[in-house]
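Multiple structures are listed underneath, in structure tokens.
Two complexes follow with subunit A in common, the first pairing it with subunit B and the second with subunit C.
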Partner chain A sequence: MALLEVNHLDVHFALRKGDVHALRDINFTLERGERLGIVGESGAGKSVAAFALLNLIAKPGFIAGGEVNFEGKTLNTMSERRLRKVRGNRISMIFQDPMMTLNPVLSIGEQMIECLKAHRRITSKRARAIALDKLHQVQIPSPETRLAQYPHELSGGMRQRVIIAIALLLDPDIIIADEPTTALDVTIQAEIMALLLNLCEQHNVGLILITHDLGVVSQVTQRMLVMYAGRVIEQGPTREIINDPQHPYTQGLINALPQMATPGEQLNQIPGSMPSLDNLPSGCAFHPRCGFVERADGTTRRACIDEVPGFVTSGNCQAACHMVAEMVDDRRLKEESL
Partner chain B sequence: MSAQAHKTDGTEALLEIRQLEKRFSLSGDFLDQLRFKGGKLVRHQEHVHAINGVTLEINRGEALCVVGESGCGKSTVARIVMGLLSPSAGEIHYGGTRIDNLSSRQLLPFRRRMQMIFQNPYASLNPRMTIQQTLEEPLRLHNPDWNRQQIVEQVEQVMASVGIDPDWGKRFGHEFSGGQRQRIAIARALAVDPEFIVADEPISALDVSIQAQVLNLLMDAQHERNLTYLFITHDLAVVEHFGTRVAVMYLGTVCEIADTATLFANPRHPYTQALLSAIPRLDDDGPQHIRLEGEVPTPVNLPSGCVFHGRCPYANARCKQEVPVLQTQDDGIRVACHAVEEGRL
Partner chain C sequence: MTDSSHTSSTNTPSAGTSSASAAALPALPGRWERFRDSYLLYSFKRDVIAQLSLLVFIALVAIAAFAPWLSPMNPYDLAQIDILSSELPPFWIDGSDPAYLLGTDAQGRDMLSTILYGARVSLIIGFGAVALQAVIGVSFGLMAGYLGGRVDAFLMRLADIQLSFSTLMVAIIVGALVKAIFGSATFSTYAVPLLVVIIGLAEWPQYARTVRASVLAERSKEYVDAARVMGLRSKRIMFRHVLPNTLSPIFVISTVQIANAIISEAALSFLGLGMPETHPSLGSLIKAGFDYIQSGSWWITLIPGAVLVILVLSINLLGDWLRDVMNPRLYKG
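Up next is the complex of A and B:
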């Protein structure tokens, strides 16, 4: 049994004009110590997915179906009291903006000790010692002084280190990091990512890394999910997806990176933009932007326009795409006829 | 230094920035600056030293990219060039004319020739104007003698050239996505047929797939209209693709400037090396970046000597005292570093 299992997770937002389906049929698993990346553009639903794991979806959003199982227990139907023993304790979270996550009127020490005392019966002295140890682990210079300082006295990179230290306080099994380095500069980002990777490996902590940056995902994670318009459209081992993406959207994303084109030449752009969730196209949500709706022989793949694609397995990866499905079928037919 | 500022090497410099400095006061107005100290009234002033002696030339037809981390002064350079801020010291020359001391009336003809694209397309479009009005406004300002017909034709033409549907004209800014808005902002900049465009992080607020669209549009415009760009960004992958030359800034000074290919192939300055190594690449396993000690110091109290010495693995006593100046290397890279000059690096 995997440490974390997400089965058929659906999240809706109840708006005046009707329910908007923010997540549809999300399935994945996370083993102990595994690092999983969730990639997608803004509005793809990756942050909603992270919040849904800990049942943190705020109204008008709600989990409309499916389940999140952690060590065999279903989190989304658990009582708030029991859930609190998991949330922050066994599964902790790191958010994008280090300025918004820390409480501006409490010192770093107070926030860390508060967190420990909320989850454990522990003396302040002992809690302080643990806090200090975690600040050492995230390589903050002079941790003793930091404990007495307030968030505004620290730089963005330092704050994000403090937040990682807080996330590690209770020795969690899983850390969910939602765009942890997006607000930071490249050199600081590289340091924070290296630190996070190191700590996860050392303590055998699972990581769910949510980001739009394919470079970061390829360096840190072992498996990845690609999301588009509320659905997972491709999943598999990170290296294989980066080297040989199956879904046309994943291919487009990777090819659109400046390093994939000759300097000075045109970049390979994906035409159009992501549809809004309350007005999705029929069939595959990507079909209006996809270059593979038409087959090589000029005929149209009707299925792309009419049917939502299911997952097909190609190698170690799975992609939700009619074109990939046809390719896999063709390959199988050829093999059978041989 | 002045020898560098007046350097002539055959190519024509469209814009020259000479010994530019910019300080922002932190201590408020005159009365706020007065303090009692030892029974006496003293005036106490504190400044953010945003730019400290930047000298750059931008040649006609090239795209000069200025890169650096937040707070290094790259956006301030862009704003001073456009006349949105006035320099504390130094000069800006455009096509041979000094423009930083001109009145706004005298600046008007230059404003038509130089246009700016801002970072945040959500803030740079007037929410109360339709797209048609947004695009007409600069034309009316710069061509007071044009009649309605000419203006409408020019707007149609610029809309077509950046791929805007003419139907968008009746709609307002909030009806569009980030990428579409940036397209409109580019159309507004191109409407008056400028020759020089300052783009301050034009794609960093956009999604990956949209970034490629906007970058392609900027490159097309450059080829079609023979534009010159001053391109401010923190994204080195974009620089490698887009820039003719690159200037790397750190704490208000230029530490290295060179042709893009040369700089990416063989960066000299220790800061540039660290910056380039920090780009997350698709093709290697695990980060192998050069670690820098500490963080960027505050620009309020600048370090003595080389501004980078506190974080530099190669710093010695000289670096702590003497400010390095840009010196040209064999392959044309200009780098401000004592270690490179002395051959220690």
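Up next is the complex of A and C:
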């Protein structure tokens, strides 16, 4: 049994303009110590997925179906009381903006000790010692001083170190990192990412890394999901997806990386932009931007416009794409005729 | 509303060593150093009006607090009152008695003593009522803002209903009822707590609305999400994480509310619904003296009136200054 299993997770937002289907049929598993990347454009539903894992979707959003199993227990039907014992304790989370995640009126020490005391029956002295140890682990300069300081007295990089220390405070099994380096200076980003990776490996902590940075995902994670308009469209081992992306959207993303462009030429891009969730196109949500709706012989693949694609397995990867499905079928036919 | 930024350290490290290695970090400032370097103190040092108001306010509070030791006689003690020395003028007018510095009232009580005791009663009611308002208003505002939904709708409609009754109306009805049911004697005995409750209940929506507005702004910040992700209880997040971040507006309206409460009490007493004349507040002193203005004994009403105005003015000026300091838009740009 996997440490974390997400089955058919569906999240809706009941907005005034109508029901918005923010996550559709999300499935994945995470083994102990495994690192999983979730990639997608803004608005693809990455952060909603992160909050849904901890059953922290705020109104008007709600989990409409599916389940999140952690160690065999279903989190989304668990009582609030028991959920609190999981949050922060077994599964912790790192947010995007370190300027906003720490409470401005509480000192670093107060925030860390509070978190420890919420989950364990320990003395303040013992909690302080643990907090100090974690600050040492994130290699923050002069940790004793930091404990008494307030968030505004630290730089962005230091704050993110503090936040990582808080995430590690209770030795969790999983850390969900929601774009942990986006708000940081480019020079700090690599440093923080390396630190996070290092600590996860050291303590055998599972990591769910949510990002739009394919470079980071390819370096850090073992498996990845690509999300588009609230749906997973491709999943599999990170290396295989990066080297041989099946879905046209993933191909587009990888082609859009600056290192894929010819020097002196314009960067490659995917034409158009992601549709809004309350007005999805018919069939495959990506079809208006996709260059493969027309086959090589000029005929239109009607299924792309009419039918929502299911997953087809190709190697170790799965992609939700009619074009890939056809290719796989063709290949099988050829193999059979041989 | 990050009031923590007021305490941001403004001391510059000794020149040249500012980019010293982490090991050479300056010793962490304690609470006193933080206060000494704060914007709050910096602005106070440059605001003469604020300094004067604080001085006057502290002086008035001090003499009110020490009234039993400072005043020449005890106005509550009937044995010390001499009806023969009634309506004596203050010292700068002919016919005054040096024993009564500010003259006497119609019953022969020393004005100075009654004013000291009266200011004491007014301040107790003012602070008591505001404390009650703050407790009710802050908790309701926190709950309404943080929990939202039906709780919010219910509490805010409650506040609307409360605000549609004026303080005076509530006070008149409650006061009249208590007097009718329990008699004037009981009313006089419990006048102070009763006034605290009446004024406190009438004005809590001011707090509730202010707190709710800033809680709504705070709730959407990521540190609240982070606290929930940490697995903290809602109650703890509300009181320990959100509440401290809404303190600046609470401080600012508190000054206004204290001044308002003191005025409300004076108005009620003036209408005969507040403190009885045997146990006068500034308001009941003004009322008691009002009848004698025509007969020329203006000091019985005017001197307590002046004290009331100075007290309220000093609080309001302090509130003005505080509002300017605590408004981040005015100094952060």
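Convention: the second predicted complex is superposed on the first by the 338 of 338 C-alpha atoms of A that agree within 3 Å, B and C clash if a C-alpha of one lies under 4 Å from a C-alpha of the other, contacts with A are read in each partner's own complex, and residues count from 1 in each chain.
In the analysis below, a residue touches a chain if its C-beta (ideal position, glycine included) is under 8 Å from a C-beta of that chain, and two chains touch if they have at least 3 such contacts.
In this text, all values refer to a predicted model and were calculated from it rather than measured experimentally.
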item: Partners on subunit A (subunit B, subunit C) - clash or fit; value: fit
item: Partner chain(s) touched by A:Gly291 [first = subunit B, second = subunit C, both, neither]; value: neither
item: First (subunit B), second (subunit C), both or neither touched by A:Gln266; value: first
item: A:Glu191 touches, of subunit B and subunit C: first, second, both or neither?; value: first
item: Contacts of A:Gly18 with subunit B and subunit C, given as first, second, both or neither; value: neither
item: Contacts of A:Cys115 with subunit B and subunit C, given as first, second, both or neither; value: second
item: Touching partner for A:Gly310 - first (subunit B), second (subunit C), both, neither; value: neither
item: Touching partner for A:Pro60 - first (subunit B), second (subunit C), both, neither; value: neither
item: Overlay on shared chain A, then closest C-alpha pair between subunit B and subunit C (Å); value: 6
item: Intersection of the subunit A residues that touch subunit B with those that touch subunit C; value: 141
item: Subunit A to subunit B touching residues, read off their complex; value: 41-42, 141, 155, 157-158, 185-191, 193-194, 197, 212-216, 218-219, 239, 242, 252-254, 256-259, 261, 263-264, 266-271, 273-274
item: Subunit A residues within the subunit C interface of the complex; value: 54, 56, 59, 83-89, 92-93, 95-97, 100-106, 114-115, 118-119, 141-142, 145, 148-150, 152-153, 163, 166
item: Footprint of subunit A on subunit B - complex, ascending; value: 69-70, 177, 179-180, 207-213, 215-216, 219-220, 234, 236-238, 240-242, 260-261, 274-275, 277-287, 289, 291-292, 294-295
item: Residues of subunit C touching subunit A in the complex; value: 2-5, 7-9, 22-23, 25, 28, 148-149, 221-223, 225-233, 236, 240-241, 244-245, 247
